[in-house]
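Think of it as A, B, C, D, E and F in the order they're written, each chain with its own count starting at 1.
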């Protein structure tokens, strides 16, 4: 089985970390194809960063599918362009936010999310709501740190996250925590051990979930919202008329 | 990896069919431990059937965990006793309704469910709502056939299901169909081929999802609603004072 | 009129207290038939306790209906097995959570619930949501005390409840309080007097509500979800085939 | 016990019918005080009719409370002015829409409402939603007949209602029906007998519910939204400055 | 274009202030027709004050429409009688709560409301929910000051509002603030300047929104809920039979 | 006042039609600056078309703001990239779907939307839900016609729309209709006249709403989700590092 993981931003360090964690958690028979969106913003912090990176990411998805991918993972917690990716790909597409939220709902009755910058809170709240968590997601919290700083200061990040997890436990009654940034992937086990709380990482969740859906033999339905893009002048992968 | 699948009813035929489909879709390295709730109703059609079967099913879950299960699948579409099972087990518990709904949400933007008897429609509607599908589940439909008749008349069942799937396509705009009974498991591929619609089976979905969660290394959080039952007179697995 | 009140747990002290409060609030012409589920857990704190007690409670309901009950009250705040009880009984079934929530909605625009253990908070939140309170239930709070300790330490319980009611008033803007445990029944009037807040007890509410529904001449609809359980091997009240 | 029933419109015939049904269903020890809002519209069909009748109805509530009422019933299915009545009265106030919806939720898992004119459908949908029925109210239907015509043509009304109830049964899967107009009160038993469906009348439900709440010993909370109106120039019951 | 603005209370000072702010923000070609409901309560604080003022306000709307109004603004933050006004008027009717909430949703992703008395919090919460803000309205706050005191003590009011806005910023993550009382209109710009937060005033929003809808050429649909009141004895604007 | 209207697709015909309707409805003092996203797909039918057009559209918004725009209108019914546009622009941004939904909610209690292709139905349902219409939007319907065919066959389009509006009236009880495609703009008045139903066009609504917000003196809050994009390698308007 071949799983394509695309980092929609252009940070080489984050792509590397994503690849390492994915490799640690993928099944024995799985081949990983890790890419990043060349030319995309170096991190995704807000709607415009998403908008700029998505067309580049869609190219990676098309190329990976041509190389034989059985499923695709979008490794950014905003799940940018996930619906478009489901149109472009024949094979299943899993976002790390959707994956970790669905796993949190299987393993806890109430959870909280901890992300990087406060500006991402409404974005993630809306995503989590769209994925149907409702009031089972108690709160989306932030450590007020830019994405790239997370990558550069793992020790400080871990301390801030541990403190916020303790707050989520005490104030929200959270039974589990979802890490709200692909750049936090590597800290998951450590935080779980230190805090005694189930901490869920989206890259881990998405890779295994992608394998599972491939194993079920299902693909994205092409009968409605996720039908392939129509051919047209200026359309994806086509010359402008 | 060892996955325990419990059929909460006592129908041997259904347990056998569930085991066969599970074996077809489980990963190479997975050992299946298929049980049924001895003494339970022969089928589960309504809240009382659920209530009677659940304590018996919980015994199977405890016993299977003692035998080394890494995860548990509840193979009845009402997901009976799923919250209690999450208290009793240390390992993840997956219901086939929850599994198939979460997979349907990954692969389609709108889906419908087709079940057996009309009396199960409100039960399933409430479950699907609790799992966060909201209006993405267009409608829960029934073929007005008892559970055991489904098992005994696969040909007639397949025809009724195909007709209902066509209605779901035309009237609901459903992009995918979830089969709303463990007894329909064996018809999934055939219906998908005949109707051209993505048809999702809960047993298939739950077995692969259970493997995935085990592979992630996560377990049910014991910090809140799913903490182990407290020891007390008359409590689960204890003598009455 | 004959009202059957079943305590789904096996605590004799709690059954006695429930019976005393019910007798204080029942109408002159009402005969009370108070039972408890023999062999059930001594208290209900979580989903497994519920699951174990429900089949035993259903037997009490069937027996009481044979003795001529005109309605049934389930005297545990989790309303365990209420849907199954509505299938088994011909006569109306009222749970104390549902009764007190519906009364709170008639008498206040915003209310809070105070229960025993924190693990019951998500259970009650989900119930209150299912009963349609939405954001009119501001918050479900707990005094972090096991059910049986409530019964054994009424003085300490009353002080903890009064403190939590004051918090609900100040932090939640609660206009009324629902007591979230049958074991708190006896403290209702005292707390109302001490705090100046409308405090609602579920046993009181359910007994009077049961009388009211009987007086209207209505019974549970048997046309859908609450139809009588189907006769089958292993079914409720039947021998296993 | 003394229950005040106010018909917010000025139709003498409807007031009489309401009084007769209320007398049939009230408990032995209950004294009924039936009034109507003098000078109000002859029927309430829309928001303006409600707005005009409410201040007149509030006068009746204040006068009845001075005469010793223990509770008040608003006998119009739009529950006009119910929140204001809860401010003005010290004693509980029950609307017939709220009463019948809450009773329908106790006795069925899904129900539909049948009212008079199509223009009332959105009004009732919003009320039923505010009372928390959510998707458990399948649909609000109308027989397209003005309120006063209902009163004048009981035979034709009964036939139209029976036909609509049959549709609600077949198309909505309704397990119970709520009659959406105080003028249909007298037809309730007949429709229940003819259609085999549980049919719920709001006057019946509200009178017994009012008795129940009085019996519980509870009153409307005055700590928030339903506090008594503040004294001010032009305020209710006061001279303009 | 002629915009009618009705203050549903009888406070001359508030009517004057509303007129001044409206004049400051109306377009060059707009004529303002500012009225108040003669004989109405001097301020609107609760449901009864609303109920008493609405019929008087509807008379003002009918009279203004006869004078040639192209649209109507209801200048009280509870939007009292807005649905009835849409029945009575042929021309569009805009409430200041609805206008400011809709504008806040265009200009921010999360906002809070600050009003006068705590008793108005549930009223405004329900309105804001009915207008579809959902969780995008973080919280409705109050400065615990009666409406008329706001008018009499602008300096103290401004200080209390600034403090509450700072709390909304810090605790709610509010990106914008809606002022929850027509009497605060005049403080809007000052508060925006002092706090650095976008502060939205309902009178300003409603006047410009009314102009916009008139400019679009649209009127209230008369095909359903907002059809003109039916002629009947005791009906609006008609003699009692 | 200067309003920038951007057509996010590259169809010259549609841009021209949008400009004509906008000019017909804009206020006397308003200057229109109508652009289209050069190189974008010739029509927007699905998520991928949106994703490809959005970065190009954001460039138009930035350029128009540099030319002095006071507000921006996104003239495609999917409101593509509206959140990103609110980050990029200092001035208010109005989408035609959001504008027409908010206007429909001011002028009717229940409405339906009619769009082009069935694949757009889930997209629009999700938008309308996000804008808070809830069940007040009865249904999103389609005439099963591609966007460019709408432009090329106005007569056939008008007939199909009129037929669908009649269905929306009869089956949905819709009091108003929102046209779900910028290419239908020119048919609005004709359809309103022919069907007798209030028909709302998004371009008309958005232009006037943009003028209104500018007139209020408000701008998008930059304190949270809509803060300007952060400067970074690969970010919008910046060279890749």
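One rule holds in what follows: a contact is a pair of C-beta atoms (placed from the backbone, for glycine too) under 8 Å apart; a residue touches a chain by one contact, two chains touch by 3 or more.
None of these values were measured; they are calculated from a predicted model.
Asks: Which chains does chain E share as contact partners with chain F?
Replies: Looking at chain F and chain E together, the chains touching each of them are A, D.
Asks: If each hop has to land on a touching chain, what is the smallest number of hops from chain B to chain F?
Replies: Minimal hop count between chain B and chain F: 1.
Asks: Tally the contacting C-beta pairs at the A-C interface and at the B-C interface, and name the larger one.
Replies: B-C
Asks: Thinking of E-F, which of A-C, B-F or A-B forms a repeat of its interface, with over half the contact pairs identical?
Replies: Selected from A-C, B-F or A-B as the counterpart of E-F: A-B.
Asks: Of all chains present, which has the mean Cα position farthest from that of chain D?
Replies: In terms of C-alpha centroids, the chain at the greatest distance from chain D is A.
Asks: How many angstrom between the C-alpha centroids of chain F and chain A?
Replies: 30
Asks: Could you grab the centroid distance between chain A and chain E? Build each centroid from C-alpha atoms only and quote it in angstrom.
Replies: Using C-alpha averages as centres, the distance is 43 Å.
Asks: Considering chain F alone, which of its residues make contact with at least two other chains?
Replies: 83, 109-110, 118, 121-122, 173, 224-225
Asks: Linking chains that touch, what shape results: line, ring, star, complete or other?
Replies: Chain contacts: none of line, ring, star or complete; other.
Asks: I'd like to see which chains touch which, written out pair by pair.
Replies: A-B, A-C, A-E, A-F, B-C, B-D, B-F, C-D, C-E, D-E, D-F, E-F
Asks: For the complex, which residues does chain A have touching chain E?
Replies: Touch residues, chain A against chain E: 118, 121-122, 125, 129.
Asks: Enumerate the contact residues on chain F facing chain E in the complex.
Replies: 25, 27-29, 83, 92, 94, 98, 102-103, 105-110, 131-134, 136, 169, 173, 175-176, 189, 196-198, 200, 204-205, 208-209, 211-213, 215-221, 223-226
Asks: Per the contact definition, I'd like the list of chain B residues that touch chain F in the complex.
Replies: Chain B residues touching chain F: 109-110, 135, 173.
Asks: Could you list, by residue number, the parts of chain D that touch chain E in their complex?
Replies: 9-10, 39-43, 45-55, 58, 81, 83-84, 86-88, 118-119, 121-123, 126, 130, 146, 148, 224-225, 227, 229-230, 232-236, 240-241
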